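Consider the two complexes below, in which subunit A is the common component and subunit B and subunit C are the respective partners.
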Partner chain A sequence: MKVKCYIQGMAAISPQHTFDGDITTAPFVQTESNRLVCIEPDYKPFIPGNSLRRMTRVLRMGLTTALKCLANSGVATPGPIVTGTGKGSLQDTEKFIKEIEQYKETALNPTPFIQSTYNSVNGLIALQQNGTDYNNTFVHRGFSFENALVDSMMLLQEGASHTLTGSFEEMTEEHFYIKSRIGQWRTAPVGNTRLFEQHLPGTISGEGSAFFVLTAAQTPASKAAISGIKLLYKPSEERLSAVLQELGADADLVISGDNGDSNYARYYELLGEVLPKPAIPFKHLCGEYDTAGSFALWLAAALLDTGKIPGEWFPMVKELPGEFRKVVIYNHFFGEQHTVMVVEKVNG
Partner chain B sequence: MEELKQKLKEQIIEALNLQDTKPADIDDNAPLFGEGLGLDSIDSLELMVLLERQYGIKVEDPREGRKILQSVQSMAEFIQSKQQPA
Partner chain C sequence: MAERVFITGMGMVTAIGDNVAGNLERLRRKESGLGFTDYINTIYKEVLPVGEVKQDNAALFRMAGIPVQAGFSRTTLLGLVAMQEALQQAGISHLQDEPTGFINASTVGGMCDTEKVYFDLINPDKSGEFIQSIHTLDCADCTQRIADTVGFTEHLATISTACSSSANALMFGARMIKAGMYQRMVCGGTEALTRFTLNGFNSLKNVDRQFCRPFDQQRTGLNLGEGAAYLVLESESYAKANNSTILAELTGYCNTNEAFHPTSPSPEGDGAYAAMKNALAMSGRTLEEVQYINVHGTATLNNDISEGRALERLFGTAVPPFSSTKPFTGHTLAAAGAIEAIYAVLAIRNNIIFPNLNFSERMEELQIVPETELKEDVIINNVISNSFGFGGNNASLVISKYEG
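== the complex of A and B ==
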């Protein structure tokens, strides 16, 4: 898809200081754990206490990120709300399933059931902001956020002035354990400081929420433009090479979804061969999760907006490019869902 | 009865995650919904579940539920009436 849209404002909660911090001065948050956990803000300024008491973690993160994004964008009403999530509220889902077993399918609490549905965050945003427009949540594993983005771009093409587009994902102890049984994570602790020392089977898990107000027209406040996106399901190397070449040939910087997992390293090796350009990774900042692509988009837009790459965040990169105007993001989710996205500098 | 009401208040606070509320803050006769604690319809379902799980009492008629869940006092009286041997 080659329709252009503009990022008017954005917000992210992640394992880094992305919510309150300034990307150019915030320190790189390091951990020795293979499970990266979000730095959560104080939710009380954003969510009334009577609503907050009922919400579990990912709902608080999603709603707060969306509200901060709207505030950063100077937009009062959200318009269409389009989100993506791979797992939704895992905490509520786990609680609900455990109670089904514990209470033999009787006397089940309504709250975890309601909140375990994927579109809870969208509903909460609409309720709090009195939004009555289009409201949709995409749940397509590693394509969840990307489908929300494509849908938003189509809505803008059809005449919507702006959309609120985002993602939210959480990791729980139980789900981390389940995924460790199928070898998704490294067996020895590497944390996010030694992830790229050696490519070995498995990676580190992550979580986060990122929201964007997208507009059809450029404004003086636009932070960056999304000028191309392509989604590829289990592509052949030839097909992937062609798409990377098509979208990334004239990019100045590559943001790579490399997560140190040797099982799928061949795709990122191919990326380096097809686009031999300055490249930075991002999974050491946010970990691996279904909607990690939204963090990559946030990062690309933040770097383009500030015009600087914080060296402390990328200690593994020997030489960072001084100037860049066009960024290509390549990411895939455990070798299945592959996304190539182009983000460009605007206003300056 | 006093012991039951105290226990009930603690259970309500836990079930509804009323973080800034202490049992002493809940008046026995104050309405639970609207004013008072300001609970809503989802909370009423949670309280029905509480009655079933903690006291083995199932409220079948929603109209009856409205009366039972009026206050801590009405809930305690209902529980006691169900627990007394016939």
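== the complex of A and C ==
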């Protein structure tokens, strides 16, 4: 899609200090385990206590990020609510599977079943904000958030003034183990600052939630513009190269989804060949997960908005570019879903 | 001016038939597909009726035309059977001839298979072929296996908004066509019965131990079902240039949220009312031009009050003939919107209204009653199809006769 939209406000919960404060002053969080875990805020200012008690982790993270995003954006109503999540509430899914077994299918508590439904976060946002507009949830691995973005951009084109668009993802200990059985993670612990020193099979897992209020028209508060997005399913190298060239040729900063995994490193090498430009990674900040692309978009917008790249967050990058106005993000999820987004500076 | 969107192919498998023609025949004969499960391992095997596709997985592999192999969940197989028919009916032999997107819908992905091996997956002492179903847990698994088998290489998406999922998939596909992104999309959903979902709805105390009785005073809940359905959508210009057989037109749609309760609809049916009203407005049709409504009609206590009140609010004393086809198929969750969209096309093309089985007593809250007999030789130009889900998600489609 080549329709332009604007990020009016945003919020993110991630393994970094992204929820409060400013990217230029927040300290970088170094990790030593292969499972990056979110720094969770105090939820009480956002969610009433009796609701909070019932909610599991990813519901709290998703709802709170959405609410903070709305507050940051100064819009009265959320408008259409569109989200992406690869796995929804793993905690609830795991709990309900186990309770069915444990209680032999009798006298079950329905709450984990209800919360395991992929659109439950959307329902909660709508409920708390009286959001009666369009409401949709995409659940397609590395295309989940990006489909939500495509949907939102179509809504803006169709006449919506703004949308609330976001993602939410958690990793549980149990699911981390399950995915370790097919070699998704590094077998030896690797610190996030050393993730790219050597490309080896597997990566580090991550999680997070990011929400954006997107508008059709630019305002003085706009943080950045999204001017291009493309989703490619299992593309050939030729097709991928052509799209990277088409969308990224005039970008002056590349944000790469490289995750240190030698199994699929070829695509990121290709990125460097097609677009030999200043580049920064982001998976050492948030880890690998289905909707990591939303973190990359948050990062791109934050960097464009503040106009500088905090060196402390990128100790592995030798020379950071001083000036940049157009950022291209390329990411893929275990070699299957490839996405390219273009983000541009606005207001100066 | 945005393109009109036409339906040019349909494929389905449900408890009442392995294809579209089979479904139509059973609808005409008023033969329900509800019964007890042969394939789910549950203590409710002979207690809770379901709408099960009476083909085991080996038979589904044969019907899908592919060799038996690991990693293909029942969700995927049901989807493939419906997909093959939809492509065939639309006359598509090579998907690459025209860039074609695929929008799928699923509520629990391959849970039907995952739940059987889950405790082995989390047990380090166990290993074996089950590892190959590790990916079936997520909803994209069925979408991608269907895509890879039949050859979709363009835009892929999987939508999960509970019981309205595939209605939203149709809407998303239609909007992509109107936005000019694609000329052709295939949209729908697939759902297999699982112990997880059966226990989920049973824990909410809204599963009937008898065959479900939509809009009946004595109704006590729904019966779950399984199945899959896909519709081929084409832009007007492509359909005409391609000389496609146009089965019907998707003239209106609306997705709205009720913001009332996580699992219950509002008693006045605010969301259902808004979804139907806005979808109809988009279609440019008047209330009087609607000849049939295929209601969501799950037969839960709350849905039928809410949906019935919404019908009375929108249409006043002139509510068109309406029926729920859930007593035929069970509630097929993510597949329901697409299955019932096909039923809407069948109603238009065959000039029939399907009966609402198991109805005997009008609800005290409502003045209206559903159609209980098969009505033939009625002119049907416009049908509203409703799908409402958890999280307050309401979707209505307007499907219209193609009149050039």
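Definition applied: the second predicted complex is superposed on the first by the 348 of 348 C-alpha atoms of A that agree within 3 Å, B and C clash if a C-alpha of one lies under 4 Å from a C-alpha of the other, contacts with A are read in each partner's own complex, and residues count from 1 in each chain.
Quick note on the criterion: a residue touches a chain if its C-beta (ideal position, glycine included) is under 8 Å from a C-beta of that chain, and two chains touch if they have at least 3 such contacts.
All values derive from a computational prediction rather than experimental measurement.
Engineer: By the touch definition at the top of the document, which applies to A:298: first (subunit B), second (subunit C), both, or neither?
Structural biologist: neither
Engineer: When both complexes are superposed, which of subunit B and subunit C contacts more residues belonging to subunit A?
Structural biologist: C
Engineer: If we overlay the two complexes on their shared chain A, which of subunit B and subunit C does A:114 touch? Say first, second, both or neither.
Structural biologist: In the superposed model, A:114 contacts both subunit B and subunit C.
Engineer: Applying the document's definition of touch, where does A:50 land relative to subunit B and subunit C: first, second, both, or neither?
Structural biologist: Touch status of A:50: first partner only.
Engineer: Once the complexes are superposed, what residues of subunit A are shared between the subunit B interface and the subunit C interface?
Structural biologist: 106, 108-110, 114
Engineer: For a test of understanding, state which residues of subunit A touch subunit B in their complex under the given definition.
Structural biologist: It is residues 49-50, 53-54, 103, 106-111, 114 of subunit A that touch subunit B.
Engineer: Which of the residues in subunit A come into contact with subunit C in the complex?
Structural biologist: So the residues of subunit A in touch with subunit C come to 1, 81, 86-88, 93, 96-97, 100-101, 104-106, 108-110, 113-114, 116-120, 122-124, 126-127, 129-141, 143, 147, 151, 154, 157-158, 174, 177-179, 181-182, 231, 233-234, 336-337.
Engineer: Which subunit B residues qualify as touching subunit A in the complex?
Structural biologist: Those residues of subunit B that touch subunit A are 16-20, 38, 42, 45-46, 49, 52-53.
Engineer: Going by the contact rule set out above, which residues of subunit C touch subunit A in the complex?
Structural biologist: 42-44, 106-107, 115, 118-119, 121-122, 124, 131, 134, 137-140, 143-144, 147, 152-162, 168, 172, 175-176, 179, 181, 195-196, 199-200, 202-204, 255-263, 270-271, 274, 389-393
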